[in-house]
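Every chain is named by a letter (A, B, C and D) in the order it is written, and numbering of its residues begins at 1.
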Amino acid sequence: MGKIYNSAAEALDGLLFDGMLIAAGGFGLCGIPENLISAIKDAGTKDLTVASNNAGVDNFGLGVLLQTRQVKKMISSYVGENDEFMRQYLSGELELEFNPQGTLAERMRAAGCGIPGFYTKTGVGTVIAEGKEVKNFNGQDYILEEGIFADLSIVKAWKADDTGNLVFRKTARNFNPPAAMCGKVCVVEVEEIVPRGSIDPDHIHLPGIYVHRIIQGEHEKRIEQRTVRQREEA
Amino acid sequence: MGKIYNSAAEALDGLLFDGMLIAAGGFGLCGIPENLISAIKDAGTKDLTVASNNAGVDNFGLGVLLQTRQVKKMISSYVGENDEFMRQYLSGELELEFNPQGTLAERMRAAGCGIPGFYTKTGVGTVIAEGKEVKNFNGQDYILEEGIFADLSIVKAWKADDTGNLVFRKTARNFNPPAAMCGKVCVVEVEEIVPRGSIDPDHIHLPGIYVHRIIQGEHEKRIEQRTVRQREEA
Amino acid sequence: MAWDRNQMAERAAQELQDGWYVNLGIGIPTLVANYVGDKDITLQSENGMLGMGPFPFEGEEDPDLINAGKQTITELSRTAYFDSATSFGMIRGGKIAAAILGAMEVAENGDLANWMIPGKLVKGMGGAMDLVAGVGKVIVIMDHANKKGESKLLKECTLPLTGKGVVDRIITNLGVFDVVEGGLKLVEMADGVTREEIDSLTEATLIN
Amino acid sequence: MAWDRNQMAERAAQELQDGWYVNLGIGIPTLVANYVGDKDITLQSENGMLGMGPFPFEGEEDPDLINAGKQTITELSRTAYFDSATSFGMIRGGKIAAAILGAMEVAENGDLANWMIPGKLVKGMGGAMDLVAGVGKVIVIMDHANKKGESKLLKECTLPLTGKGVVDRIITNLGVFDVVEGGLKLVEMADGVTREEIDSLTEATLIN
């Protein structure tokens, strides 16, 4: 019956193996593939390398895979909200490769677009440049960054049709499209599966060609920093 | 009054100079900036280098700038529909740099994204690779292609709001977004200018940050190959 | 007898698997769409569309809706539009399972020439170089010999290449050939075609 | 007296020009939004939004609508959303006119350190390295000296760099400084601050 699966466990069946590289969408706890992360926890897959901008919080998002020690290495730009992460990192149990956020996003997009390397001035003259090739274009130095080719992409979207055409919602789009592009296989969880043809083809954010398996999931959508303003008196 | 101008001539005022590099959107005659091309013809700017997938036809699209001999060089992937082009090219009056279509699109996008060079396997082992740096990634050869940094982008969209947020229609999107990204200044012609807030922010194809000047134009939208099928008998 | 254009297209359609995203070149490859049958095939048009539909009914042509051959087409319920950088991103990134293309020459090592004849009018490679470099499987449909009766399956291409070592399978009017170590492997002969005919019209090393 | 946080933010807001697209860092830079007045400024949130609005009213928080500090925010009539690759494409590509950022140290050659203290908990650089490498103008807002009374305007940074030679202007509680050939140029002093105070709290070479 095509790309739609009944559960996260079913959608991941046959795709997980120890030591694999997973690219995950999401920014902070916004637009993260909650259900797929949970199913990977249940599957117990070990020695994972996870490319994701953040590492979740202690008991939510990718944090749950850190608690179970399933992650060997993170490729991230910012991991400040996760105490367990820090503990494992400082004790040497967890490898960490910091990437500038835009470099991380572009490395994912590049791999998905068949580009094994590109030059950027981000990080020139910093620790990020160490060991990387430097090339001069028009008098300015740039460093070579390589594509992240993942074994699996796990992604959260708002809506999908059964061919995998995806629509994201507001800033929950974030890393999901580039993460989806860079995996050999891409599994997506959505809030709603809609009939084919019900999404205007000009409103599709990511065409179904990038999407191999889809589940409809329940989403807690936790808020990390609830900030509000006061209503002015009428 | 912001980004909206009354005419193509007004929108291009102060931006044109002899010998400049212009990136143009469009594929064939679909989604081309007709009004802006016409205004460049009227302005008489010379020795242009134009990066555009195609070169129009003899009397429409970029073809009109070829008839007036305003173009010194084309950077294109396919120029088959333009006899005047071929005549000038074969007589040595016009320079031509062929780019594979995807390389051309990516070179524009790269420049717009601050990437001066990227590696691709497109063209490896062909004349396209001549003189280009070759690098091996994981046992496979790739060639270095450089970003196209244009002085001016000319682009056609369907709708714009006054902040320059753009929506394209069907396959008329094509090269317009990457062309828009790679120019120091980007001028856009649209069929309709709509009130701010009337486009769902999740439906915007190109955010206004890429757009500096906007005009509403009249569009002939000529069809190059009219192909139809017969209705079956009822 | 040798296959005609439609039979070649029909044979090529057998290569396509359910669920594939496919790019069809101009000419005979376009005809392949007529023979996919019940298979769930999504056609890409590299100017920025997945889910390419048939030509429109007369009077319903839309200048904003064309294929890579600049022909008016229609959309389907699965259609998605995107820009050219994204389109060739998916091509270069190997997301397209197969491209079916015409050719002037194919060499036994998989080299392909289909864009340029020196001294003649050069129109450009369009998206062909990107397609052959990027897609999962490159299938060529072409006549086995040119109009002078000379083989188009060569030991080495004589024309400027579109891609080096890129062709996986060749479907000619005489049969089906795979690019393998050491030459071209004869996979299938068209009904009524003899091995002798094939041998006499093939310059490339034939295996099997 | 020296400027307080809000006065520094107010002074920084004067740097912004009508029509600019701007990225504001976390902390004091966030306050700059309160002082743009009538100027047509569009704020970028690098997680994928242009046209960032204020915090939502209580009860109207949307978990799908946050800024780069993971705070709930709102959209405006000019808002556009996009993915992270596009977002940093526009940052790296120089489309953002200015970024206003906090810092631990700035050197007189424009080197910036604001992401890492060796031996302490390292949270990551987030988007800071991309921003300082890519945007048109980098404006730093920070206290002139650290809590120990040591200058944060240095001859050379002691901490790992976020960017090399990237800072254009520094706004501290004591005044405004430009990175120029040979050192930092004192552009403006906060009301009531003396040149002697600035000299005594500045390690970097001061010009003018």
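One rule holds for everything that comes next: contacts are C-beta pairs under 8 Å (C-beta built on N, C-alpha and C of every residue); 3 or more make two chains touch, one makes a residue touch a chain.
No experiment lies behind these values; they were computed from the predicted model shown.
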{"item": "Chain A to chain B, fewest steps along touching chains", "value": "1"}
{"item": "Labels of chains that are neighbours to chain B and to chain C", "value": "A"}
{"item": "Chain B and chain D: spacing of chain centres that average the CA atoms, whole Å", "value": "35"}
{"item": "Length of the line joining the C-alpha centres of chain A and chain D, rounded to whole Å", "value": "27"}
{"item": "Between chain D and chain C, distance of the C-alpha-averaged centres to the nearest whole Å", "value": "54"}
{"item": "Sites on chain C at which at least two other chains make contact", "value": "75, 81-82, 88-89, 91-92, 133-134"}
{"item": "Chain B, residues touching no fewer than two other chains", "value": "106, 109, 113-115, 120-121, 168-170, 173, 201-202, 205"}
{"item": "All chain pairs that touch each other", "value": "A-B, A-C, A-D, B-C, B-D"}
{"item": "In the complex with chain B, residue positions of chain C that touch it", "value": "45-49, 54-58, 60-67, 69-73, 75, 81-85, 87-89, 91-92, 111, 121-130, 133-134, 160-165"}
{"item": "Contact footprint of chain A on chain C as seen in their complex", "value": "19, 21, 40, 42, 44, 50-51, 75, 77-82, 88-96, 133-134"}
{"item": "Complex contact set, residues of chain A against chain D", "value": "27-31, 53, 76-81, 86, 90, 98, 100-103, 105-106, 108-109, 120-128, 158, 168-178, 205, 221-231"}
{"item": "Footprint of chain A on chain B - complex, ascending", "value": "106, 110, 113-121, 135, 137-138, 140, 142, 146, 167-170, 173, 201-203, 205"}
{"item": "Residues of chain B defined as touching chain D within the complex", "value": "2, 109, 111-115, 161, 163, 165, 181, 196-197, 201-202, 204, 207-210"}
